[in-house]
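Shared between the two complexes below is chain A, which has chain B as its partner in the first and chain C in the second.
== the complex of A and B ==
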């Protein structure tokens, strides 16, 4: 309460730092030196508005990140103390870890499939539904529904569809396919089924973002191109597609982050199988190692590698795609 | 595909693609209201006459997996998004207006948090919660949600605060209003569209979260409905009717919540999309 009172007293002064001709750190520092009473309200404002949110972020995200980083250099295992510093040994072990390598490759495969197919499918469907009548508005809602549903629910639905005696295979048998594929039980297929399920869920997100982009394309531009003799494809390539650059950026970064952290579908549907880790992902491997194996040191090294990969790939993609936006 | 000569083609393709896409969801909805014995032989048939047996079975489970899960989910989601909206609006406002270097550093640090996958920090989070004595409690889960999702709230609010004229705040200050009062009575009401987006986005995400409540609430104390779906399939894998009914009931509240605020949701989503 005293902070609010401080604030009231301080703000009554007309010499607020904001309209000062030299903004930035230098300006505030000078203002602070000039009158020590400024510090009170400033601190009060910070602790009132910024501190609660920042504190939660520091305690539940930044400190845990630091702990993951620290643990990755130890042999921490709560059931096998004492914890000792092992330097880079965990990272060295990761290099030769066949399971982790497979999880990494699986994660990349899932991410690439999701990023490509949800983007392409989303764009095609958005162009199909880019009409203002009621039918198309209703269809947009249908495509968006899975985005609102939990990945667990989506996984159970698709498990019922794709399992060996599931709905898809009974349909296939009905039309005369004698030996339909084991979509989730065939080690060569299961990973692609998982990637398909994630693509299906993310499709509606891409549709909505592309539709917004399409609605931002001025009609006059299309007409001008048309008058200049541009055909349908030339109009798309030279007018529509460049205008969709921001939508492509958002979708691609969102899909990359979604693909990289794929976990729920694997936990619910395949538990990493069939066989040895054929659908295991990095996220799944980290959680298994930490909570089933209790090898916290080792799982932390995996987590650090995973975070470095996610951060690098999303930042590089973001920069590349944004540069494309600017040059248009 | 010229619009005039093939005007019938677009609606036909659109309806066909939409129907194919919707088929899995259709199968769930019709089979919720069908007797268990009819699901496997006639999965796609309409439930005629419809039965509420599956729904009843979920609601009257002896272990109360659904009812307790529902109460927990509502409590966790409602409290998390209320706290998140208030805290990230205040923080977003502070960061958007502050010109100090420290505020820029805080902003960049928060934005980095948008990329961090839960598994990377989950084990240390359990350590932090144990230290605070909040492991396997709803309060602990709510606090973790607040910390994890605050960057997203701040991102949305910061973009929006810049569209609120500074003069409004200065006028209120000149009239003698405290900083807190300026925020609550002038700024926060103007941020309503951003608040709606934050509420809906985070409401849907937190309701649907799986791994975080699975680990943080643990197996003994009650869990959320989303984790409940996972527990339910473990028990009766083959009883599609019961599993579908559980999923249907677990999804209904968040679907209603989403539909009630849908206009703002898509607006918020695309507002950011177009501006980049």
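== the complex of A and C ==
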């Protein structure tokens, strides 16, 4: 990394002068030694500070991932020992597994809906709330509340709203709709109801991130654009939106991850139904296969595929959106 | 630096080695007692105070034991027991956990014939002839509980004796604007939609082939065979004719019971445990009960016997743990409490329920006793334990499939084939 890369959004800072190493191999070696003697003790001290976090990361993240990877190549079933190495068989079986395919499709549908609607809704609300009065500050807190609530609590609340005898249908019946939709009991609607609930919960997060972005847009730029004759839409398109690129990156990546690992809402509200696999997601399928069906090896292969998918989509999205940030 | 990294690695491995897959050694409690963990589940009826008192009574009869109560996070105690087992922490004693899978894997201790001598059906739920869960109570699944007022208003004077009678009664109720059946299965309570199918499988499959699931295991029969498909078709037809409202599939178990109490349907096919709920908290109408009828009116009584405690084969003192489990399940006061709070029908020799039990419980027990007299007892589909039971996870898949039957997303034939596919997958 060069020092010019420390600037934000490609702003170059002049590089500080650094001492030139003596020409020849001997000079380079000496410089390396000097550098090593400077950094070595510091690194040792810093690693002690990093130790608790590193330890937790290794124990609770890396080791379980490693174990999952290992189990995915076995037929591990705690109720049907012994565990045998089966190579890539679990992964081969996944290719022809209709239920897993459906869970994958459901997950993608949820993820796309959440990523699009929470982003758009979050941006619109953030623009409405981007005012300094107390009322708007209070409204920001209200919009953020669902984010801090547990997904289980959110699910219980929405279940009460969306069941056949729930708040929404009672309201619809009250205004004369005789046969209101079965938001959770109709197999064609339930998945979208789940996607809506997750979108609703994530909306507050997007609002806060976009608000932070909006407040970082220099007033001078807006004023300059106005003087140049730009209308509201033109100012948004050419000034505000480009400056919100980092906020879009954060929101999109977070929403993609949230959508891909959707589990709690399905477990609490639909249990994967109504019907076989209608709202089952990859995460739900992993848990069901592991703890209901006892197929730990097979579910580990599912989890490994899920991990690879989430990592790939997140990294690719991050790269694409960050490229946009640099070019603005 | 190098020392730091080495320290890091060593500590990590040490912590990981301690944490994964190991069960802590038996903890000798104070006074030389053995501490045994006991997994229970709490419901509004079987609350913390109930379990604490029940544990205290059993512990008073078995000296040398200290019980450490563990409570499941929800009513799915079998799922939670599997999670604990996966981390190497299977509790020493387990309440009402389905022993399927645990028993075959050698994780549970078998009870001897002598230990089972006080039980009415000592071999209920046996795996290879051995019993791993005390068969302490019987449940009739389903009983059709009905709203007497709604029947009267629809001009129905007699409870159905044949399946055609049931359809006629349903038609009369629907003509009066009353949904005939209340069936739920929303949220995590998908299982609550199973009971019409449990009824039709009993009358159309198990009455002819009582060991159907054992034969399915041996590959001699399939779900796609005519009898099972006919049983599924009956449920699909009930929904198609509007006798079951698919909108009910969004209701949790508690909401489903409430829907029946609120008069949103006239018949409620449910396990016999509903009886005491109806007696203890009476709805605004009189509740009656009749058995699920067969085509020709021949009595068929689907039941489940089992549901008691199991003991882990790796408990610190298995003999003492079994002794405590027996004391717990045979305790008269405990069983009285189970009867009063959970409507159980204890399957223990010489036991008589409290005399002050309500009319719905009495009607339910009468159905069971008539079944015993008629020799018409069969298994309750999806509730079986032991050799003739569904493979792990298949009961949940069946419940999801029933939702498809009710919403019309699957035909009876497709549902039956789906179960065959799931069976193959579960047993691979």
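Rule of thumb we're sticking to: the second predicted complex is superposed on the first by the 278 of 328 C-alpha atoms of A that agree within 3 Å, B and C clash if a C-alpha of one lies under 4 Å from a C-alpha of the other, contacts with A are read in each partner's own complex, and residues count from 1 in each chain.
Simple rule for what comes next: a residue touches a chain if its C-beta (ideal position, glycine included) is under 8 Å from a C-beta of that chain, and two chains touch if they have at least 3 such contacts.
On a predicted model such as this, the values are computed, not experimentally measured, just so you know.
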Classify the contacts of A:86 with the two partner chains as first (chain B alone), second (chain C alone), both, or neither.
neither
Should A:48 be classified as contacting the first partner (chain B), the second (chain C), both, or neither?
both
Is A:186 touching anything from chain B or chain C once the two structures are fitted on A? First, second, both or neither.
second
Answer with first, second, both or neither: which of chain B and chain C does A:198 touch in the superposed model?
neither
According to the stated criteria, A:114 is in contact with first (chain B), second (chain C), both, or neither; which is it?
neither
Name the contact category of A:275: first (chain B only), second (chain C only), both, or neither.
second
What's your read, chain B or chain C touching more residues of chain A?
B
Answer with first, second, both or neither: which of chain B and chain C does A:292 touch in the superposed model?
second
First (chain B), second (chain C), both or neither: which does A:164 touch?
second
Partner chain(s) touched by A:249 [first = chain B, second = chain C, both, neither]
first
Doubly contacted chain A residues - partners chain C and chain B
44, 48, 54, 58-59, 63, 67, 159, 165, 267-268, 290-291, 296
In the complex, the residues of chain A that touch chain C are 40, 43-44, 47-48, 51, 54-55, 58-59, 63, 67, 78-81, 159, 162-166, 182-187, 267-277, 288-294, 296
Using the touch rule from the top, collect the residues of chain B that touch chain A in their complex.
1, 10-11, 13-15, 17-18, 21-22, 24-25, 27-28, 40, 43-44, 87-88, 90-91, 93-95, 99-101, 103, 106, 109-110, 112-113, 115-125, 127-128, 143-144, 146-148, 150-151, 154, 166, 170, 173, 176, 178-180, 183, 204, 207-211, 215, 226-227, 229-230, 233, 240, 243-244, 247, 250-251, 254-255, 258, 266, 269-270, 272-276
For the chain C and chain A complex, residues of the former touching the latter:
1, 4-5, 7-8, 11-12, 15-16, 19-20, 79, 82-83, 85-86, 101-102, 104-105, 107, 185-190, 245-252, 255, 259, 264, 392-393, 396-397, 399-401, 403-404, 407, 409-410, 418, 425-426
What part of chain A is in contact with chain B in the complex they form?
4-5, 7-8, 11-12, 16, 18, 23-25, 27-28, 41, 44-46, 48-50, 52-54, 56-65, 67-68, 71, 125, 128-129, 131, 135-136, 139, 142-146, 148-153, 156-161, 165, 167, 170, 200, 203, 208-209, 211-213, 216, 232, 246-247, 249-250, 257, 260-261, 263-264, 267-268, 283, 286-287, 290-291, 296, 299-300, 303-304, 306-307, 310-311, 314, 322, 325
